[in-house]
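Okay, got some structures for you below.
You will see two complexes here that share subunit A, one where it goes with subunit B and one where it goes with subunit C.
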Partner chain A sequence: MLIVDNVTKKFGNFTALEDISLEFQNGVYGLLAPNGAGKTTLIKMLTTLIFPTKGQILYDGVEITQLDEAYRDMLGYLPQDFGYYRNYSPMQFLSYIAALKGIDGNTAKQKALQLLEIVALTDVKDKKMRKFSGGMIQRVGIAQAMLNDPKILILDEPTAGLDPKERVRFRNLIADLAEDRTVIFSTHIVSDIESIAHRVIMFKDHKLLCCDSPDALRGDRFNNLEEVFMHIYDEDGVIVELP
Partner chain B sequence: MSIVKHELRKILLFPALIGFVVLALVLNIAVVTTMRSSYADFIAEASLTTGVHLGAEFNERAAQFEPGLYADIFRAQTADIADVLYGYTTGYIADMAVEQLGLGGLSEWLMRWKYEQFQHAARSRQQAGDSMTLYFAEMTFMRHQAIFNYTMGLPVFQGITLAALIMLFSLGYENAAKTEHMVYATKTGRKISKHKLLAGVIAGLSVYALLAAVTLTVYFALNPMGGTWGSSVSSGFNFVIDGITARPFITWHSFNVAQYLIASLVVSLGVVLCFTLMAYSVGLWVRNSYIGFLLIVVQNGVLFLLPFYLPIMIPGFTITQSPIWLVLMRTMWFTDGGSNVILPHFETVGVVGSLAVLTAIGLFSAARFKRRNLVS
Partner chain C sequence: MNISPDERDKSIEAILAGGLTRPVSTWRYLRGMYSSLGIRVIFWESAPAMLLSAVVALGYILLTAMQSAFLNAEENLSAMLFLLSPVLFISMTVSTEAIERMNGLYEIKMTGKYTIRQITAFRLLCFSLVGTVFAVTANTAVYHIMTVEMQTGYFFQMLSIALCSLFLCSLLIITVMRKFRSGWYLGAIIWAVAAMLPGLIFREAWNTFLLNIPTAVALGIAAVAYILFLREIKITTKEVYSYAHS
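Showing the complex of A and B:
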């Protein structure tokens, strides 16, 4: 189990996140908040790219910085603004990421082919990525995150660049994957997580506002999460009222 | 494929690197083709008959040559040669260095001590007969400079520049491709910098080796050395001119030309490695490769200028052991080093010391990098 224990992150005098406590078990966790609310800061701490100013992040009771590569070995991560090597083909790119994930060559090749099939890129597996559309690049990103069959899959705005058909397909894929792993899915598009999230996490003034199931958040007052979101945040992402 | 191979592939596919190497080779070949001398070619050929040890036997063999302009000059230059190292003392060099630099205290003591030690080296070279070898007779200074200053110097300058750029490019690659976050969140994580270091070292040294090999091969193809490979670089015909005075070219150990070339190549590789390590540390702090390179240029500019302005001599003499100074003093490697250095074997001390210091800085930088927030 992944636990965020009273974590605060400051950048100089700016507090990006304050006193956040969360527990992640298997299932999809939707991080839903306007841009700048602290979603990416939390994700970067969960991926060891930045470190808490206060508090700790534990996996099975051990701090993730102590687990170091053993923790990252369980991690799959698709960053926001996913970068790639323009002169590489998806196969070459996945082969490189597989090497970084400590996967041996033969396994890596099989896994890459399997994942490219899942994300519907088999036909272009050996084509240079420089001519790929945003959606195709995003699908390569999803494939690289899945290479090591991660126990914790962290996706930061993964549906950006996907067309509506791809988004539906992607949501179904995530729902399937979440059966035996933790999926943390950051988005500001409510419909992305409404049907698949077991819990929705929201932030208020860089503090945790709620972590509850979509049903509980909707309650009797709202028909869908979109209404909840609109009710909570105004156009500028400022909290208006709690549900 | 191992991570290092992947990192090497990225480096080798960098179009600008290939362009730089090709341009450097074109420049080097253009330069070395200008360094021709038909008289030096005659000496190289003649040395196969005469051998390189001057004396009666040498003169007898030289006398067999058909009369001609070059043969006559050759005989005139090599007959009745006095041994310049016979009775040679080095104390006057120390006196001049101390006076010129206004040395006192510890620095004066060290400078005088260096030249006392150097006196033994001069005697050994004389006793071994090194000073009485041919090299290139009166063409020696020109030829020695052509080989060890220009033909070797060009690849060294290009090698240190490219080695630093390769290392910075490798470390900055993920930042430029916006793949940093994805890469650092993998099992390998920030330890990828170690793989990048190894790939950068391999690529940097290989590029230098390629530049040096091609440049030297072209030079020696155009300018055959004949029997002069076996001549000592401490030949009485060879000399040093620096800020102190003109004086015989004396090395701490006995080197023939071939051995001196190999030893110089080894030191060059050490210097290139120093610049790779320098770029490694800078690249761990500065994610933009171009800013990193600018920092290295400024850093070495400061290291070059600092000894001229330091009021205290010992720190200045320490800085002259730094990699940039070693490159600039390449024609003095394995000699006393003149007034810029205070210790014997400055090139070896400089390379080993610089590698130790740069390794320590690299380890510190890597430790900091491991705990640094990757915000953007």
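Showing the complex of A and C:
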């Protein structure tokens, strides 16, 4: 189990996140908040790219910095701006990332083929990625994040730039992947997580506002999560009223 | 925070395991990285950077040789040799880092089993060895082609100065890279200013000063700088918190 324990992150005088406590188990966790609310800061802390100013992040009771390499071994990450080598094929790219993850050549090849099938890119596995659409690149991104069969899969705004059909496909893929792992999925698009998230996490003034199921958030007052979101945040992303 | 008995036990086990495991030495770790990744993955997409570095170093040699020929100032060669290997080291470091930072994969590469920082530390170690070979080669070449009479002692003096500057530069670059997010180019700027400014301001006097540094002193400084550089390599491969404050 992944635990965020009273975590605060400051950048100079600016407090990006304050006193956040969360517990993650298997399932999809949707981080839903307007841009600038602190979603990426939390994700970067969970991926060990930055560290809390106060508090700690624990995996199975052990601080993730102490776990170091063992924690990164359990981690799959797709950042918001996913870069790739344009002149490489998905197979070549996945082999390279697999090497960085410490996976041996033969296992990497098998895993890459298996993942490319899951993300429906088998037909283009040896084609250069420079001709790929945004959706295809994102699917390569998901595949690279899954190479080490991670227990924690963290996706930062993975649906940005996808067309509606690709979004649906992507959501289904995430739902399948979350059966036996923790998937943390950041977005500011409500419909992305409404149907697949087991829990929705929202922030208010850089503090945790709620971590609850979509049903609980909707309650009797709202028809969908979009209404909840619109009710909570105004056009500028400022809280107007709690659900 | 409520911790279950199971989590408490796992936590105790992890602490004990950490305390009881024999720590892996840096060299074993780097050897392991090399055998696991191989030279192709460690220097992935670095070929253009290497080519650029070779061009920069050759350009620097040609420029200095032309200057020496036109101004008939062969004594300036000591200043040229002082800067030559660091120029190669810096151009290799900055160009490979620039490629890493621009391709949009830096964050993914920070979350792998071998992080890009650890790979960079390995690369810097390789670059320092390349710089050493280059310094020896360049000094030997100068020794053979120089028209002024050159004694063996002078050769070793020039070599010691070249190694001294290379290892001081390597130490500066890795220290600044470890401590600052922009360290990869900040270190290069600091070195360029620190190494070139005396030559530009004091000209002949700086050259005379370099020529008068005893070989033993220069080699001593080079050895200390290299030991400190290796220490920085060790810290970079081990520490987790280094990028916490960047």
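Quick note on the criterion: the second predicted complex is superposed on the first by the 243 of 243 C-alpha atoms of A that agree within 3 Å, B and C clash if a C-alpha of one lies under 4 Å from a C-alpha of the other, contacts with A are read in each partner's own complex, and residues count from 1 in each chain.
The criterion applied here is as follows: a contact is a pair of C-beta atoms (placed from the backbone, for glycine too) under 8 Å apart; a residue touches a chain by one contact, two chains touch by 3 or more.
Quick caveat: nothing in here was measured; it's all calculated off a predicted structure.
Q: Subunit B versus subunit C on the shared subunit A, clash or fit?
A: Aligned on subunit A, subunit B and subunit C clash with each other.
Q: Answer with first, second, both or neither: which of subunit B and subunit C does A:47 touch in the superposed model?
A: both
Q: Classify the contacts of A:226 with the two partner chains as first (subunit B alone), second (subunit C alone), both, or neither.
A: Neither subunit B nor subunit C is touched by A:226.
Q: Is A:62 touching anything from subunit B or subunit C once the two structures are fitted on A? First, second, both or neither.
A: Second partner only, subunit C.
Q: Once chain A of both complexes is superposed, is A:19 in touch with subunit B (first), subunit C (second), both, or neither?
A: neither
Q: Please work out whether A:3 is in contact with subunit B alone, subunit C alone, both, or neither, and reply first, second, both or neither.
A: It touches subunit C, and subunit B stays clear.
Q: In the overlaid three-chain picture, which partner chain does A:11 touch, first (subunit B) or second (subunit C), both, or neither?
A: A:11: touches subunit B, not subunit C.
Q: Give one of first, second, both or neither to describe whether A:180 is in contact with subunit B, with subunit C, with both, or with none.
A: Neither subunit B nor subunit C is touched by A:180.
Q: Can you tell which stretch of subunit B collides with subunit C among 6-14, 114-122 or 132-140?
A: In the superposed model, subunit B runs into subunit C at 6-14.
Q: Please write out, lowest number first, the residues of subunit A touched by both subunit B and subunit C across the two complexes.
A: Residues common to the subunit A contacts of subunit C and of subunit B are 44, 47-51, 68-69, 72-73, 75, 77-79, 81-85, 96-97, 99-102, 144, listed in rising order.
Q: If you look only at subunit C, which of its residues touch subunit A in the complex?
A: Checking each residue of subunit C against subunit A gives 1, 3, 7-8, 10-11, 14-15, 18, 36-38, 41, 44-45, 103-115, 119, 240-241, 243-244.
Q: For subunit B, which residues count as touching subunit A in their complex?
A: Of all residues in subunit B, those touching subunit A are 1-3, 6, 10, 13, 174, 177-189, 191-192, 371, 373-375.
Q: Enumerate the contact residues on subunit A facing subunit C in the complex.
A: Residues 1, 3, 5-6, 21, 44, 47-51, 58, 60-62, 65-69, 72-73, 75, 77-79, 81-85, 96-97, 99-102, 144 of subunit A touch subunit C in their complex.
Q: Taking the complex as given, what residues does subunit A use to touch subunit B?
A: 11, 44, 47-51, 68-69, 72-73, 75, 77-79, 81-87, 95-97, 99-102, 105, 141, 144, 148
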